[in-house]
Amino acid sequence: MSFLQVDHVTKYFPSHSGVGQVCVFKDVTIKIEQGEFVTCIGHSGCGKSTLLNIIAGLETMSEGGIILGGKEVAGPGLDRMVVFQNFSLMPWMTVFENIRLAVRAAYPEWDRERIAAHVQKYVNLVGLKGSEGKRPSALSGGMKQRVGLARAFSIEPKVLLLDEPFAQIDALTRGVIQEELVQMWMTTRNTVFMVTHDVDEAILLSDRILLMTNGPGARIAEIVDVTIPRPRSRDTIIEHPHYYKIRNHVIHFLVRHAKGAHGGAEGAIESAEAGDPLVVRF
Amino acid sequence: MNGHDEHRMEDERSRRGAELSSEAYFARTVEQSVVAAVLRAAGPTRRQLLAGLGGAALAALIAEVLPLGRVTAFAADPAGKPEKRDLSIGFIPITCATPIIMAEPLGFYKKHGLNATVKRAAGWAMIRDWAINKEVDAAHMLTPMPLAITLGAGSLPVPFYMPAVENINGQAITLHIKHKGVQTAADMKGFRFCVPFDFSMHNYLLRYFLAEGGVHPDKDVQIRVVPPPEMVANLKAGNVNGYLAPDPFNQRAVYENVGFIYKLSKEIWDRHPCCAFTVSKEFATTYPNTFQALFRAIVDATHYASNPAHRKEIAAAIAPTNYLNQPVTVLEQVLTGTYADGLGAIKKVPDRIDFDPYPWHSMAVWILTQMKRWGHVKGDLNYKEVAEQVYLASECDRVAKALGYPTHTATSTKHTIMGKVFDPDQPEAYVKSFKIHSMA
Amino acid sequence: MIGVLRGQPAGRLDTWIISGTILVIFLVIWHLATIRGAFDPRGLSEEQLQLMEFNGDIVRLPDGGYAWNPEKEKVKGVPGPLAVLKKAETELTEAFVKKGTNDHGIAYLVFYTVSRFGAGFLAASLVAIVLGVLLGLNRSLYRAVNPYIQILKPISPLAWMPLLLYTVKDPKWTAVLVVFMAALWPTLATTAFGVSSLRKDYLHVAAILQLSWIKRLFKVILPGAAPTIVNGLRISFGSALVAVVPAEMLLGELGVGYLSWIEWNNLDIAGVIFAILVVGVVGVILDSGFNKLAGLVTYQE
């Protein structure tokens, strides 16, 4: 039994016209071990964010279940913390208060001093020491997401769910934060499930990359093992021989599925293939 | 012979001839009221009852069950301690309420053992609501109002008493200065008038005056209801051509150089009743001693006010913002009767306003006939019975006698209005005698 | 100062100078339009003088002479600024005096009006915010109740007065309820809207953190919807302030509105102007207090 298991999850949405339903994805099964960093890549609209929300408990599944640590979970909880694409910081609270809100919720029996120390530790960890008193409106995108990361890490969740966390951050800052994330994760080794469409990011951060086909009726078509040893940094991994093999493979997949994105012939063939995803290892 | 002289003659006759003591008269009135009440309760069988028994026998029968003697005595309990000392009395800021208002600053309430304050209302509807909802213990009202409220016209029927009339005369028809040339009622066709309230002597006198001049009040002119304090402003703004209003608003129009006094109300019906002092029947029966004390204070104040020597003093006492909120000179002109008429002359009419508390039953009957005439009250009316229930004429005389003021021998008398005699014993005939009316 | 006239931006002092100048010019014009020369009794007969005295146009001075009556200081019915000033002086010096049941000093009147307004406004705000939050959180309930809100919202609060007086019977409570009816609807509508349009993300975070409903209400929903709620309160505030004055007039309850009505009845225009100014000043003070409150709860996204 893996630590986090997405077990034959299917999701339907009521169709726009009101008649019948649209299948977003069907029969998705993912097995994630504890301490693994898994990324899901696919085109916009394939349903990967929906899948993440289902794992987080923010959306319901039509069929199947999510099993965490041997127990089925439903609904949101502190064991599966989300880092949102648009940061989702409470704008009326300062950096400190935003993180403290989470810490207090996770550790209700702690006293004020302990909570404050814990919060400060994570503020420092993300490099925002000195900015605790600022409101989110006074922060740049990168700084805001650092707060988001601090908030998520500070409650030491069983699973960390990252929903395209750096999509709204400028390209230069993005690289810096990605590395910071890797550093943080290396020390805590939470189980992570991330969704993104940045291939380089996926390769830098993950142990495995799930490739998702397009909807409707999307499925995990392939699982790519990222066989580049850790620790990884942006300037070293590009030297690794597997890097471009993996990268090119993923890009080919995405391009292939771009053509079939609107239900063309190739897409139909792909989604008709049932069964376990293809494991790719270089 | 006008009503004024008739009253005088009646008083003279009674003093010389067979004099009924007020006590006996009062007792008989109570008896009659109780009998009348029983007969009314008897409903359709009343004719058979009377035919079989006759009034006196019926009274004796009732006395077996209801000790009439005790009822009379209870109602006539003198100088008992007031049950409730702190009273609130509503008033509208017009000179008609002079006795009610002046009783506070000039100490009449205190003199009779009461701690009463007078509370100013914005308009008649408000005072009616205060009285019905017991916001105030007693109220200044227009003489038709207690009749209307008891009959349930225009509100819920709640039995009210009118123990005393506040003032007689004291109103006038004021017109905008641009209508200087108007001579008769006929010249006023198409005018817009205002009156303080539908059930008011102002309304009924205005209508009487117009009708005598051949003008139909509901067809040839418009009559609107406007609270007295707003009348001058309305005249100034040109919303109305004139009004029949209580003073000081007639004099105030002259003071503001917008109007002139066309006709004093005493020229329509000399010594006509205007405003009233009223209490609910519930108040009078729940607090009989307080009621008696209040009654005495009012009658006392009224007689004091009727003395011309006191008028200037009174004008100064009721002028401040807390009471009438009018310039003293306006009130002096109204109360002393030496006034500017708005057409450049100074007139001297000492009884322009006068104060006499006696609530003649015949006045009530006249009001009821006019209410019937203009459709304010429909159906058959027992005029005398309603008048006697509401207007406490004999009570008033008893109080007057106790205070040493003159009394009367009868509760009804004939009145003359604009030259036509009114016989209170023939109300239906009177109502039917008018060419101009609004009955169906 | 000259720079301002040339179009350059104004400094703090400059704005005060301009405001002051506008006021002075206005007062001067008003004064000049309403002054008249001293009274000259020559050429008038004894009777004419007595008539003018009766009409209150002139008063007799202690030395036997005559002068224009300062109480009637009007030209074409409009008093000059000095008359208003004099009225203000009398009223303010007697501000804390109670001269009778119907004549309380201006300080008392302001107190009555403000307390009436405060009671009605606070009660309405509380009810509106509670109901608004409930409706904002429950979409189907909101849709069901919204039509009734839309129908009742535009009804003038004074139109409720006769009905309220008839049922409640007490004019003091009726006045407070009129203010309540005026202040209820705008806050209710905006609160419901603000809560329902709160960014779902915040609620998601609250859900993940497993916040209790109290924590969720006070730490997320209310602060999140606060700027919208405060906007609603601001509209309600103005609406209630507008309603309290005529409510007092119609119900005859002592207060600043009552004062202006009484002065109008007495055709004391200087008094009416004074009363209006008092209402204005009270409104400004309450409003600025409110703005301070609003400043505390707004945030930028």
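Per-chain residue numbering starts at 1, and chain names A, B and C are given in the order in which the chains are listed.
FYI, contacts are C-beta pairs under 8 Å (C-beta built on N, C-alpha and C of every residue); 3 or more make two chains touch, one makes a residue touch a chain.
Nothing here was measured: the structure is a model prediction, and the numbers come from that model.
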item	value
Farthest chain (mean CA position) relative to chain A	B
Highest C-beta pair count, chain pair	B-C
Innermost chain, where centres are averages of C-alpha coordinates	C
Geometric centre distance via CA averages, chain B-chain A, whole Å	90
Chain A and chain C: spacing of chain centres that average the CA atoms, whole Å	56
Whole-Å gap between the CA centroids of chain B and chain C	40
Sites on chain C at which at least two other chains make contact	none
Residues within chain B bordering two or more other chains	none
Per-residue multi-chain contacts in chain A, two or more chains	none
List of chain C residues in touch with chain B within their complex	47, 50-51, 53-56, 71, 77, 99-103, 165, 169-171, 249-252, 261-262, 264-267
Chain B residues touching chain C - in the complex, by the definition given at the top	88, 93, 104, 117-122, 126, 129-130, 133, 135, 229-230, 232-233, 236, 252, 254-257, 320-323, 325-327, 329-330, 333, 339-340, 344, 346
Chain C-touching residues of chain A, taken from the complex the two chains share	56-58, 75-78, 80-82, 84, 86, 88, 90-93, 101-102, 105-106, 135, 137, 155
Residue numbers on chain C that touch chain A, as the complex places them	199, 201-202, 204-205, 207-211, 215, 219-220, 223-224, 226, 297, 299-301
